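Below, chain A partners chain B and then partners chain C, in two separate complexes.
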Partner chain A sequence: MGNGIQAIHPFVMFFYYMCLGFFAMFFNHPIFLLAGCLALIAVNLSHDGGQAMKQWAPLMVTMTALIIVINPLINSRGMHVWFDFFGKQVTFEAMLYGVVTAMSLLMILLLFVSLNSVLNGNKLLYIFARILPRTAFLIMMSIRFVPLLKRRLTEIQDVQRLKGMTMTQGTLSERAKSGMSMLQVLLSWSLEEAVETADSMKARGYGSGTRRPYIPYRMTKSDRRWLSYLLVAFVMCGTGGFMGYGKIVIYPELGLLHLSSLDWFVFACGMAVALFPLFVEGREQLKWNYSI
Partner chain B sequence: MELFNLNHVSFSFPNTDQHVLKDISLSVNEGEFLVMGGASGSGKTTLLKLLKRELTPTGKLEGEIFYKGKSISEWEERQMVKQVGYVFQDPDNQIIMDEVMQEIVFGLENLGYSTFEMRKRVAEMVHFFGVEDLLNAKPSELSGGQKQLLNLLSVLLMKPRVLLLDEPTSQLDPVAAKELVLMLERLNKETGMTIVLVEHRLEELYAVADRIVLMESGEVRYEGDSRQVIGELYADRATQFFPYLPTFARLYMEFEQKPIIAAIPLTVKECKQWIGREERETMPVEAQSNQLKEQWILEMNDVFFQYQKKAPFVLKRFTLRIPKGQFFAMVGGNGSGKTTALRASLGSIKPQRGKVRLNGQDMKKMKDSEWLGKIAYLPQNPRTYFVQQTIEEEMQNVGERLKLSNVTERMHHLLEAFGISHLRTRHPYDCSGGEVQKAALACILLGEPEMLFIDEPTKGMDPVSKQHLGELLYSLQQSGLTIFMVTHDIGFAASYAERCAMMFDGEIAADGTPDELFKGNYFYTTAINRATRETKQPEVLTYEEAVATWAVRESI
Partner chain C sequence: MGRSRKYLVIVSLILLLLLVVSIVFFHYRAYLLLSMIMIAAIMIPFFARFEWRDVGGREVVLLAMLAAIAAVGRVPFAGLPSIQPTSFIIIMAGLVFGAESGFIVGAVAAIVSNFFLGQGPWTPWQMYAWGMMGMTAGLLRNTAFMKTLWGKCTFGFVWGYIFGWFMNTWVIVGNIEALSWKYVAGIFASSIYFDLAHALSNVFFIIVFGVSWIKILQRIQRKYGLLYEQSG
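This part shows the complex of A and B:
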């Protein structure tokens, strides 16, 4: 566990990310999406100072730029023509559509970067354990094998290299052949060892009756409060969305970009959802600094 | 009260006439600490598995096994799972889940306990073990000793009445092994838990055990109180079991004119009392630096290595020189970087700074093919060596790779010399641990290497096989092979190596002959050395040394 957002019940967090995913894919007003992206950037900054985001930044920037540039070049639907580009009409609508799509995708990417650092490993698995217990258990066991197999493979490589079998030198077919032999050794060795793992499971009563999973997370009062907060904000924002607020018509002709007061209300609800981690962290900070 | 009662139990695996266990009658009493010993293949593990119903191997079982007066097969399944706990040999294989917390509650989940009950038990046991800080770790990040403690913990959470352990310390370094034994002793004394332990390294267990059972080829040969068993062994002159006895007891039985069974020393303290204390001025050892311009076969100068950019250095200013023809052993605790040093000297990892020279040539600048066959490596798990279906095919393959002439002749010679000719058509996985090791050694010696690297060769070996291996390595060295061994078995290093070094915190802390290095240490030494320090007899490291140097030798 941890502080702030890490201490929130995984289910609440999962609900938050689902809401945001809906937000990113449902609304297409540029202001909404821009605000959503900025909110998520702020959320990511609050996790780790943007460390994880930095790794993804090059990909995100290139992707956004490419979509914005390419869409108007290959798509000439729309009424407001900007200029001619080698005989193709570049329209304002296509341009805007590119921007909206790019922001929507960017928002989802940012969402996953955040999800990755908050709902890491077991928390995510815990959510799925409720829905698919067997699959979750299988995934858990498989994850356990990754470092084990990696270590064994290094060991095999060390040994086989001195026998002249290597994957770093020689022709392609030689390398492939040595690689296969090493994998074969890894497989037979691991199978042999896995017999003991199976024994260990049996010895501890696996399959002796119904299994009751251990529940490591408890829904606290504040978790419940946050969940209802998210629920209320999301329902209002969703209803607004279905009634057509926060959306614009792009094709065939661009509609009004003007936002009505009801639009602004839906927008506020959406932001209330998107900025939820910041509220949690902020509240924690305030408590730390100003409580007696 | 009798917990287990074995009534004329015999067992054989399917499709063989050979009995693994022959007519065994044995009982285990409530609250007892029972230790079982014997050579590999003597049926200890099979016997232990028969006591745990879920692990009973397929085969023909004769006779009956009773648990609390009722036949073991009549008990309800979940009851047996709960009441009999089992800890395996390999620390890694028995871990199932990817998180420590998930792992320790695994058994409880299977038995359908409520989360409340699980929390309660975890809170209590984790505190008793003092491993709170490990709860959120990944099992792959733990050391071997921590893993084995975790395995013990997850079994204990099911609150078993009896705990069965199959060589739980064989994969651990001496310090971690001692810790585990201490934990078992504490459990036995404080909670009255019944413990049945199968083990090779019996030395310190004689003092802990209530009863010792020694097995040989499927039969119980000796059974009883530690001292009584030792007495009987000497009365019968059962020399095949002598390596399983604590060194103190052996010395006592050999040197005492009229040995009394009740006075056999089992601990360092008792041994010191028997020999008699004598204050002696301890001289700080001056290692003789052999600055002779010898021909170095392996030179490592100021080697630095880290696995990741921001990770701490595993090797720091690591310097090592091994002259031609030396048997060099490096000891050190888990995580001191021994294995990393070995891998660096093999060229498996490239150090960030510093040079590794083999025969005067820089290893970084050499191609793999250049040292092919010149250096040989016997890994911790020799099974990783074999790619082919049989040992013979493997050797042929090695011969082809190294383009050797007269492969068949050399092969016969080596197999003969190692006494494994009968295994040549076997698959390496069908041989015992010691046999595979010998087979792998035979394969790598086929190319007549100049230098042999060995990683932890004595892991999980019984004392007799250990002795065979030591003698084999010694004779190889005598015939001119340079050996670089990494081990945490100090007794083994002291008996066979010519020069030893102790590794600590990424560099070699001390380097000298076994005598210079190990005599006078508290932990990094053999038990017999601790017992003979400041006594009337000369300080020794091994039993053989004592026999050779001690003054009064009256045979019994």
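This part shows the complex of A and C:
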């Protein structure tokens, strides 16, 4: 996991994902969204060769296909009628709207796939610990409890199986009952434990000062440079978006799909943001291969 | 305590209203973006109160443990599709420890389980829906209605549906230009079975396990004197 993007400061990465999420939900020009999806696919490929993306692929493909197919069938707004489908008018507008919505959702899903692999729990909580320290601490502790509780649950299951309580046999209500009984054992066991954990935390000085993160991420010079680069590109792109570039009118009648030169400028700024992880990786590669 | 409770209700209602109004009246295209911002804004006061309130280490650990149990509760039920005890555990936490703790347990359980199942645009919606489930359980716990078994069962049943409908709205908001009665009805019809299973499993768990869970939680509360301050 030592590649370039992992070394970037969490704040910079978080800002990058916020920008991209904003683009995905803000722009609705199909070319913008398509380019955004492609850029994110490339970014995901650069993380791990598309391993994580493969897991999500079935969900993403079905969701995209469903929206594209269903929208024109249930919705016949728009002026340009394409063909009749069992007495229902399929319009070009509804078709395009389905495509745009599907791509926007796809882009958000791709973004989260990348986010899950780059901003792992530790980094995400580092960001939120600045804003909501206690909540972040609570969440972090809760995440730590999950593997512990799973271990305890297997132990409980092993013991209860000897008593004849299983989740695999019996009627639905019997199985649900035995599952809940196990959770009840887990509850009374773990709540007592929780108080003990809290007392030992207190003995070691919890609450005696502000908490600092376990891994101190430092904002380096290059982090700051990347952040300002992202900021500039995002502001230009956002201003263009608010002035109406990069967006099209679909309902009630399709507007022009043509891109003016200013549209292309906004597009270039958007791509400069979206491809940022690739620039980071590319720079690393260049340094590795060609520096003396 | 009465003031903070009123504050919670008013703020959450106003912001929810704002969400609906803005979606209906704003001639603004980025509905999904807007709804995400709204959901985040609705939850900020709750988390802010949790940050500012005087909460001891024991209470924080207890809340974390409850949220983790609610998230892990899905594991033994993996073999029984669409039956999961998370909502039941959140309702119990709200009933015993109060509205604010109920919200925190619900919202954190949603984040934590999604750390293992995958975060996505649905995370904030789930956080809000489960948080509200815990909060309303806490708000209504002293009413005569919720003291009866029937009241609790009705509550669990109704929330099974509200939760499903709320999760449906995120799909609808994401595709709002396609809004038509047929579309909405289709989405709601596709979730009827899951919502019913959710509602019925809530009722089942409340009937069979409600009393003993409340007893266990109250015992911890009394034994260690925890999370009493909001029980006003």
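Here is the rule we use: the second predicted complex is superposed on the first by the 282 of 292 C-alpha atoms of A that agree within 3 Å, B and C clash if a C-alpha of one lies under 4 Å from a C-alpha of the other, contacts with A are read in each partner's own complex, and residues count from 1 in each chain.
What we mean here is this: a residue touches a chain if its C-beta (ideal position, glycine included) is under 8 Å from a C-beta of that chain, and two chains touch if they have at least 3 such contacts.
Please read these numbers as outputs of a predicted model, since none were measured by experiment.
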| item | value |
| --- | --- |
| Joint occupancy of chain A by chain B and chain C, clash or fit | fit |
| Which of chain B and chain C A:A176 touches, first, second, both or neither | second |
| First (chain B), second (chain C), both or neither touched by A:M141 | both |
| Touching partner for A:S188 - first (chain B), second (chain C), both, neither | both |
| Which of chain B and chain C A:M201 touches, first, second, both or neither | both |
| Touch count on chain A, higher of chain B and chain C | C |
| For chain A as apex, the angle formed with chain B and chain C - C-alpha centres, to the nearest 10 degrees | 70 |
| Which of chain B and chain C A:T210 touches, first, second, both or neither | first |
| Lowest C-alpha to C-alpha distance for chain C against chain B (Å) | 9 |
| On chain A, the residue positions that both chain B and chain C contact, one per complex | 121, 141, 143, 157, 168, 184, 188, 192-194, 197, 199, 201-202, 206-207 |
| Of all residues in chain B, those that touch chain A in their complex | 52, 54-55, 77-78, 81-82, 85-86, 88, 90, 92-99, 101-102, 105-115, 118, 136, 138-140, 154-155, 158, 343, 346, 348, 367-369, 371-373, 375-377, 379-381, 383-387, 398, 401-402, 429 |
| Of chain A, residues touching chain B in the complex | 1, 121-122, 140-141, 143-144, 147-148, 151-152, 155-166, 168-169, 181, 184-185, 188-189, 192-194, 196-197, 199-216 |
| Chain C - residues contacting chain A, complex | 29-30, 32-33, 36, 47, 50-51, 55-58, 60-65, 67-69, 71-73, 75-77, 79-80, 83, 85, 89, 104, 108-109, 111-112, 115-116, 118-121, 174-175, 177-178, 180, 182-183, 186, 201, 204-205, 208-209, 212-213, 216-217, 220, 224, 226 |
| Chain C contact footprint on chain A (complex, rising order) | 21-22, 25-26, 28, 56, 67, 71, 74-75, 94, 97-98, 101, 104-105, 108-109, 112, 115-116, 121, 132-135, 137-139, 141-143, 145-146, 149-150, 153, 157, 167-168, 172-173, 175-177, 179-180, 182-184, 186-188, 190-195, 197-199, 201-202, 206-207, 247, 250-251 |
